[in-house]
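Shared chain: subunit A. Partners: subunit B in the first complex, subunit C in the second.
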Partner chain A sequence: MEIFVAQLLNGLSLGSMYVLLVLGFNLMLLVAKIIQFAYPHLVVLSMYVCWAVLRYTDNMLLVVLASVASCIVINIAIEPIFRLLAKRHGLDINVSFVVSMSMALLITDVMSHLLNYGYPIAFPSDWVGKSIFSSGLIAFSAGQAYALFGGIAAVVAFFYLLYRTRQGRVLRAISENSLLSSIIGIPIVKTRVLSYGVAGLLGGLTAVMLARLLGSASPGLGDFVGMKVVAASILAGLGNLKGGLVCGLLLGVAESMAIGYLAGSWSNAIAFMMMLIIMLIKPEGLFGIRA
Partner chain B sequence: MKKNSMLRVEGISVSYGPVRAVDNVSIEVNEGEIVVLIGANGAGKTTLLRAILGVDKAQSGKVLFLGNDITGKSTDRVAKSGLGLIPEGHLVFSTMTVLENLQLGGYHNPREIDSNLESVFESFPVLRNRLDQTAGTLSGGEQQMLSIARALMSRPKLIMADEPSLGLAPKVVSEIFDILRDLNKKGYTILLAEQNAKKALEFGNRGYVMETGRVVLEGPTQELMSNPEVRHAYLGSNV
Partner chain C sequence: MSSVLYYFLAFTGINILMCWSIYLPYRVGQLHYLTVACMLASAYFSGFAAREWSWPFALILAAGILIGVLISLLPSFAIGDAPCFTVVIVGLTIIFIFKTAVENSAALGGTIGFFGIPEVQHLLPLTYLLLAAAGAFIYRIDHSRLGRAASVVFVDKNTAAALGVDVKQLGMFFQIAAGGIAGLAGTLYAFLIGSLFPEFFNLGVIGTLMCMLFTGGHSTMWGVVVSVPILEGMQLLLPSAIASWRQVIYALTLIVIILLLPGGLITKRTLVRFKGRSRA
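Showing the complex of A and B:
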């Protein structure tokens, strides 16, 4: 029972990180009609930014600002590439998938050649924090608390933006019907750029929380997380925001349970077996594509 | 009576691959007018309206709106400049509520949303009680009304309506024509594309008849109505 509770807490805090990434990923898919596979890699790059800033200051606000700014700026800087591709090929998500995979490779290469000589980076131990609660096997670290509660706050803010604000309405309109949106005068390009910006904001926040949760990062982390994000999105039904919420958490919990009860190194295999089975039963994902 | 030109289309052509959907078409709409565009299925009415708005790119020709050359401009900019298209097939944002649809229509004048909503409800009282309903669950007629209301929320200078009567019961069709006539009295200029030639000609001041991408006849609707070719081809008369 204790193992179960401990792994549930682990799973939920890890899962809430997947949720944030799935939301950012899906937002760009829905609004800009791209698969941005390099998005998790960008987030890992922002973890490197956090790490670099932390060498000079331990001011949390500065770290968050640097992380968010880097993720937004790079994500928006990539946007014209996808716009150009769309002009050439039409809005073809397969093209964007292939192109963003090469971007992901590039980012991974930059991290493994140019940053910290390719070695994994470690965050200061007080950054991860001691356990703030422990009883027997159950321990809840400050990092986990940041990830879980920060994650919840960010998800709430995201859905508030999307469903309660004027800009959110416009994002949803374009996601439902971009042609009709342009006919009624909604600026398509500007709003697409906004979706990259919002995804960048979510990504920058996630980078800080991931740093606190994991305590380290390595060049390979982007691929690792990237596959999980794509998996959770497909499990939910591509572009399905609410489904992504459930599946992100589910994936995090399943992974933690595997670590708790089975040999930890099998956790990935289990996650992908799960995906295979669900895809065989429900090819459109658990919640259907884009609901 | 001095006429101010609002929209002027000069010889535009649109092709889809080998198909010339619009072939060297020129039309003009003056301030305060109701101009109707009639023609059978596939005559090119929708394509012409889409080309005016920049949804389909014209291969040649020019579009002037309020004296400005809008040829080749992006659709959202043309729409923002005051051209409101009510697209074919009562298109609404079906996953969003009626209120959200209307708010989207008023995207460019957020401060006037409340006053615009009030004036839209005058024309469409049914919508007032449906604000929280998901637009996709409205009936076809209600969706068409929402589509018109949404266009009005932007206070367009020119309303282009593409077959607003399509697929609706005769009673609802009359209702929609009454509303459009009323809007014209309130000062809106209207360009209407219609297959239902009889209704359209009774409704408009001037008309253009399109056949396979070309304008084959034009003039005041009274004249068109008594034109033997029009009577034969579009009004089902044997004269």
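Showing the complex of A and C:
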């Protein structure tokens, strides 16, 4: 029972990170009509930015600002590429996937050539934090607390933005019908750039929380997280934000349970196997495609 | 023959086969990365059968193709007409599962690699003979009713269905055929290179194949025949310091080609023009 509770806490912390990534990914899919496969790779790049800033200062605010700023700037900087792509190919999400996959390879290869000589990076132990609660096998670290509660706060803020603000209404209007939205005077390009910015903000925050949760990162982490985020989005139904919330959490919990009860690297394979079975049975996702 | 030329010819042949295995399902609008998993499974099976069971090459070749076909067949019942993106993720997931299985298997060398695959006489000419046979097979499909139906499915699935095309069965056929070609590529890869590493079968390989396919042109089978030797040769000609940035070069090439030359170097229009000139 202790293993179960410990892994449940792990799973919820990890799951909240997946939820944030799935939300950012789906927001760009709904508003900008792109499959941004490189989004988790950008988050890993922001983790490297965190690590670099941490070498000079341990000021938490500066680290968060650097991470968020880097993720927003890079995410917005690649927007013109997708805009040009949409002009040439129309809004073909398959082509956007191929391009974003190239970007993912580019980011991974640049990280493995230029950053820390390609070696994995480790965050300082006091950054990850000590255990704030411990009982038998159950331990809840500061990193897990940041990930879980920070994740919940970010999700609440995201849904508040989307459903309780004017900008949120504009984002939702474009996701429903961009042509009609442009007719009633909504600036399409500006709003799409805003969606990249919001996704970048979520990504930057996720990078900080992931750094505290995992305590390390490597260039290959982006591929790994990317596959899970995209798979969770498909499981939920592409573009389904509420479904993404459920599936992100479920994925985190399932993965942690597999790690707790199965040996070595098989745990990830089991998590992928479960996703695969659901995808094969329900290719349109558990909650229906919205994109 | 120098080893540089040998590896250039070997990788060119294998990459053309693998690009064709992605080209075929892309005819119906599906990016079927499962073919990389088929290649992995066939390569390891072939290596193991040759080294441990001493099977003859012809039997291994047939078994390798069969493995590719079977691996593609089972998921195709579910993803024959699935959205492109679901097909992508199913492929990536299966690659990861297969890789994990190999990495955890001592008999297959685990993460260290699988070595000692016996040599086969005159394998390089045989590879190009098999490449020509696979090319003839794809050419026949492209110029048959199936090829024309695939062209309609690529443009609009609903129109194709209205015209009487069974979209799911067509998708299944292309996926299974692609699996067979990838199985062939896997077997040849195992014998041509002589050693196998699970790390080889990653996203980087998919990126390389996508770059070759889209640079050459994804609307005809001839595109990769042009792009693969160019991209493989470029890697050999570049200084080693630059060649180590291969993935970056491929990724940038792919982005630029898709933005500036969406059809790739060889399109259907290029072929029509070429045929017109040769007739004149």
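By definition in this document, the second predicted complex is superposed on the first by the 289 of 291 C-alpha atoms of A that agree within 3 Å, B and C clash if a C-alpha of one lies under 4 Å from a C-alpha of the other, contacts with A are read in each partner's own complex, and residues count from 1 in each chain.
Just so we're on the same page, a contact is a pair of C-beta atoms (placed from the backbone, for glycine too) under 8 Å apart; a residue touches a chain by one contact, two chains touch by 3 or more.
Quantities reported herein were computed from a predicted structural model and do not represent experimental measurements.
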item	value
Touched partner set for A:V230, first subunit B, second subunit C, both or neither	second
First, second, both or neither for A:V44, with subunit B first and subunit C second	neither
Partner chain(s) touched by A:M101 [first = subunit B, second = subunit C, both, neither]	second
Subunit B versus subunit C as contact partner of A:M275, first or second or both or neither	second
Partner chain(s) touched by A:L148 [first = subunit B, second = subunit C, both, neither]	neither
First, second, both or neither for A:L202, with subunit B first and subunit C second	neither
Residue contacts on subunit A - larger count, subunit B or subunit C	C
Shared contact residues on subunit A - subunit B and subunit C	none
Residue numbers on subunit A that touch subunit B, as the complex places them	166, 169-170, 172-173, 176-177, 179-189
Of subunit B, residues touching subunit A in the complex	53, 55, 74-77, 79-80, 84-85, 87, 91, 93-96, 100, 103-105, 107-108, 110, 150-151, 154
Residues on subunit C engaged by subunit A in the complex (per definition of touch)	29, 31, 75, 78-79, 82-86, 88-90, 92-94, 96-97, 100-101, 103-104, 202-204, 206-207, 210-211, 214, 244-245, 247-248, 250-252, 254-255, 258-259, 262
Residue ranges of subunit A touching subunit C (in the complex, touch as defined)	35, 81, 84-85, 88-89, 93-95, 97-99, 101-106, 108-110, 113, 223, 227, 230-231, 234, 238, 264-266, 268-269, 272-273, 275-276, 279-281, 283-284, 289
